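In this document, chain identifiers A, B, C and D correspond to the written order of the chains, with residue numbering beginning at 1 in each.
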Amino acid sequence: MATPTERLENWDEFEIGAVLKSFDENGNYSRDHSKTYKVADWRVEKPVFNRDICIDCDMCWVACPDSCFIVEEVVNKRGKKQANIVGIDYDHCKGCAVCVEVCPTPIKSLLMFPEFEDNNNALANWPKKEKKDK
Amino acid sequence: MAEKYELKTKEVWDGNTAASHALRQAQVDVVAAYPITPSTPIVQNYSSYLADGYVDGEFVMVESEHSAMSACVGASAAGGRVATATSSQGYALMVEVLYQASGMRLPIVMTVVNRALASPLNIHGDHGDLYLGRDAGWIHLIANNPQEAYDMTLCAFKIAEDEDVRLPVTTNQDGFLVSHTAQIVEPLDDETAYKFVGDYKQKNPMLDFDHPVTYGAQTEEEWHFEHKARQHKALMDSPKVIEKVFAEFKELTGREYKLVESHNMEDAEVAIVAMGSNYETAKIAADEARKAGIKAGVVCPRSFRPFPIKEMAETLKNVKAIAALDRNCPMGTIGALHNEVAGAINAFGQNAIITGYIYGLGGRDTTVAHNLEVFKDLAMNAEAGKRVTPLQKFINLRGPELSFFKVGE
Amino acid sequence: MKNIGNLKEFATTPDRFQGGHRLCPGCAHSIIVREVVNATEDDIVVSTATGCLEVCSSIYPYTSWDVSWLHIGFENAAAGISGAEAMYKALKRKGKLPVDKPAKFLAFGGDGGTYDIGFQSLSGAAERGHDFMYVCLDNEGYMNTGGQRSSATPVGAHTTTSPRGRISYGEKNWKKDLTMIMSHHGCPYVATAVPSKWKDLATKAAKGFDTEGPVFLNTLSPCTTEWKFDPADTIMISDLAVDSCVFPLYEIENGTKLTITYRPKNKIPVRDYLGAQGRFSHLFKKGNEHLIDAWQKHTDEYWEYLQRREEAGV
Amino acid sequence: MQLYVRWHSRAGQGAVTGAKALAEVMSQQGKYVQAYSVYGAEKRGAPMMAFDKISDEPINDHSKGINPDYILVIDPSLVFNPEILNDTHENTKFIVTTHMSKEELLAMPQAAHLKGKNLFVVDAIKISQEDIGRAMPNTPILAAFIKISEVVSPESFLDTMKVILSKFPQKIIDGNIKAMTRAMEEVK
């Protein structure tokens, strides 16, 4: 995959030793960090996340090879912190579908749809019963 | 805190002892090393200085030279002063990592005691290992006696760590002829030496946890060229810093070093170019040649990389004939030093006759008389105004004369 | 030591290995890496051997790491991290680093960089007692160069250099038992782990980070590309490996105390594990049945051995 | 002044240390020095040579061969090897370790090559065994050389040796001083 044109620097412009810095001066991800790089074009199918069905087991978060599950830290009834899934980082999701496979709810809260499918459409047509395992 | 080591103003040290004291005085943070003759005493001494509290650092005695240089890279990228030593086969095993160290711009200092490469195995001095690291992107400084082994090693830290350089440096000395030959060395006291080298200046240290850095990235074809070009420029620009450091060193010690050292070159008509201990032996031969009416001089590049192209040509601009002496078998061409010198004089439009000599392989003795023979060859070429001796000859080789490109063949 | 807790809690950990890397979709490497690096809150320095993880997480001008990271070569991840750890000790003693803030040293290597070409430097660093954890991402072959055999490739597996053919059933040798070899180095802690058993893995990583001295974690990293299974099935294959006891999960403390950390409720036949992967498909052809039998026997015997060791408390 | 000394010993007998000590002694006298040895991969027991070059001028010659003015043989058996004569000249002095008198030694057919040579004998082995406690004949033979060559006064020689030996325990230093003093008296 080629470097985006705007990042192709001349020989006298980059840090010596091919050193990359993860963060900028303000502590934010720097332009050297792959967080600022998109692999969305690897995908032919995408996972769609259905918040209404999700039980926040976080299996998708732990199993995602591309760190794509966006979580929100909340405090549960017993006063313990826990992560709630709030969405998918589509810049970095490669559409492997591991998340769908590990999703344990009877009707999965994650399903694969064609890349061109509108998410709202997908959610509107969510299956009522779990499909048979393939 | 390290204890002060009491030194006399004049010590009788061999090159290894000299280099190890320079490492101690630079208060190296990490030495990762593996023993190999003839450089072993350098790191062995360092470990005993450590055992006696004369230096405060970590000595990592690894399981191979490959890991020695790898640990040096890890330690240097972590952000401190790093040194090691090696020779010959150990150097060969390190070569892969030498390129990594320079590519990451890590100012590691390695004291190399030059030794022949097998096969057949030989523990004695020649420049096979130095030449093996020629293109590895390191600065290679040449020391011709124990005093220089000490001086060059102290200077090496200052050159390597300079913010305009940030490249690894080797200091080279001939195996046994320098490393195991005790001569008078005038060391600096510990405090003065450390002050000269200075505190280590970090650049992108891995141990700065608030600013994580990635070392050793993968560059595709759209990047690799730019990175290598930039690294090359740092090496090409480094003579400015080398000269600056030498000037500071002269101010401190009175000992003067130049990018190209020379002897009797003011009015020389013929010159030997050599690196290592034979530079000094050849100086005696030059003096004797002059008694016989040959206007002889001797030249030595102080740094093999960066090669002082311009200064070499300048030093040789008035000579008629040059002999480049390579302490290495070039295996299929003329010697590396020969080609460097030929390239340098050619680049500046000079047309001295240049021939190459192979000498001293595996520690083979090379005497004043041998150098004198070379001067006689040079005088013949100078007088004829053209090359009348073979392009490549071997010095002190048993058997019928071995030479290549004889005139008229 | 970080308390790993339940997954809801673990998932609040800020990731230290990020997306945007160029590993294959469904790659187990990055799942394992996240489970490891998220298992400590201390600062970490990571060294990585040449391989899929190294290449794909550092394609210039991008890094996927939120921590300091070093790649030198294929064979020296352990030597590189030992140098960094030595520098940490030196600078700390000299007062150039804060003494109260602990830092951890971590190395990753594939099976090629660990079992084979990097074994010498790993063995050396372990013997020298550096305070670091080495995590092998064992995908049983040289996947970064297109799926050649390594000494971690198991018998019968098709690889590009141990191919199945008219007269060949693929790899001829059983895989090297590296975990035991590392345990015999005197490592205070060694363990096996798989990405699907996330808590087991993260707990072992947390324990490893907390252990002083060299720690070795051998993780099975199912490779969708070269094992030939659907990218979505990475976790499922990982589960089959442990449920069939092909890759048993255990830990050994100080080389003498082995504990099995996962016992399948229903031990499934090895053929279920083999059958799920294209690299073993030829074993199901006529004439190769003996290999599946041999696999089952080998697996059962090893599982027995582990249980006997655990029972004996050795 | 230019002085070349060649030591003949077996690896492990301290010739290299002895040669370096001589260099140190002479450097204290304001001389330039070179001390080196020639040995291969052989281990303890192999015959080897060490060299000293001493000069008023800086020494630039790094070639190994010299025409020694003094031959110091610190192993009693090596005296019978005619190779100790190699590259010597008519004025070369030979100081050898032996339990024999000069006459007894020269009477031996194996020592025929030493006939007519400028020969001195000292039992450096016995001296070192008795005074230092082990067969380390390097310092006694060095002392014998100092006595014969008169390159430096015995007093300042011993003073420098005390500094060189200062890293050793006092007992070893005292033993060495005693052995060297005795060697200077006994060499004939």
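We adopt the following convention: a contact is a pair of C-beta atoms (placed from the backbone, for glycine too) under 8 Å apart; a residue touches a chain by one contact, two chains touch by 3 or more.
If you're wondering where the values come from, they're calculated on a predicted model, not measured in any experiment.
Set side by side, A-C and B-D show the greater C-beta contact count at A-C. With centres defined as mean CA coordinates, chain C is found 24 Å away from chain A.
Chain D has its Cα centroid 63 Å from the Cα centroid of chain C. Annotation: 80 Å between the Cα-based centres of chain A and chain D.
Chain B and chain D have centres, each the mean of its CA atoms, that are 34 Å apart. Residue positions of chain D touching 2 or more other chains: none. In chain A, the residues that touch at least two other chains are 3, 9, 14, 18, 20, 22-23, 32. Counting partner chains per residue, chain C has residues 58-61, 63, 65-67 touching two or more of them. Under the stated contact rule, the graph of chain-to-chain touches falls outside the line, ring, star and complete shapes. In the complex of the two chains, the chain D residues touching chain B come out as 19-20, 23-24, 27, 32-37, 40-41, 59-65. Residues 103-106, 166, 204, 211-217, 219-220, 222-223, 225-227, 229-231, 233-234 of chain B touch chain A in their complex.
In the complex of the two chains, the chain C residues touching chain A come out as 7-12, 15, 17-31, 34-35, 57-67, 195-196, 198, 224, 231-236.
Within the complex formed with chain D, the chain B residues making contact are 10, 12, 14, 123, 145, 174, 176-178, 180-184, 277-278, 280-281, 283-284, 365-368, 370.
Against chain B, in their complex, chain A makes its touches with residues 2-3, 8-12, 14-23, 32.
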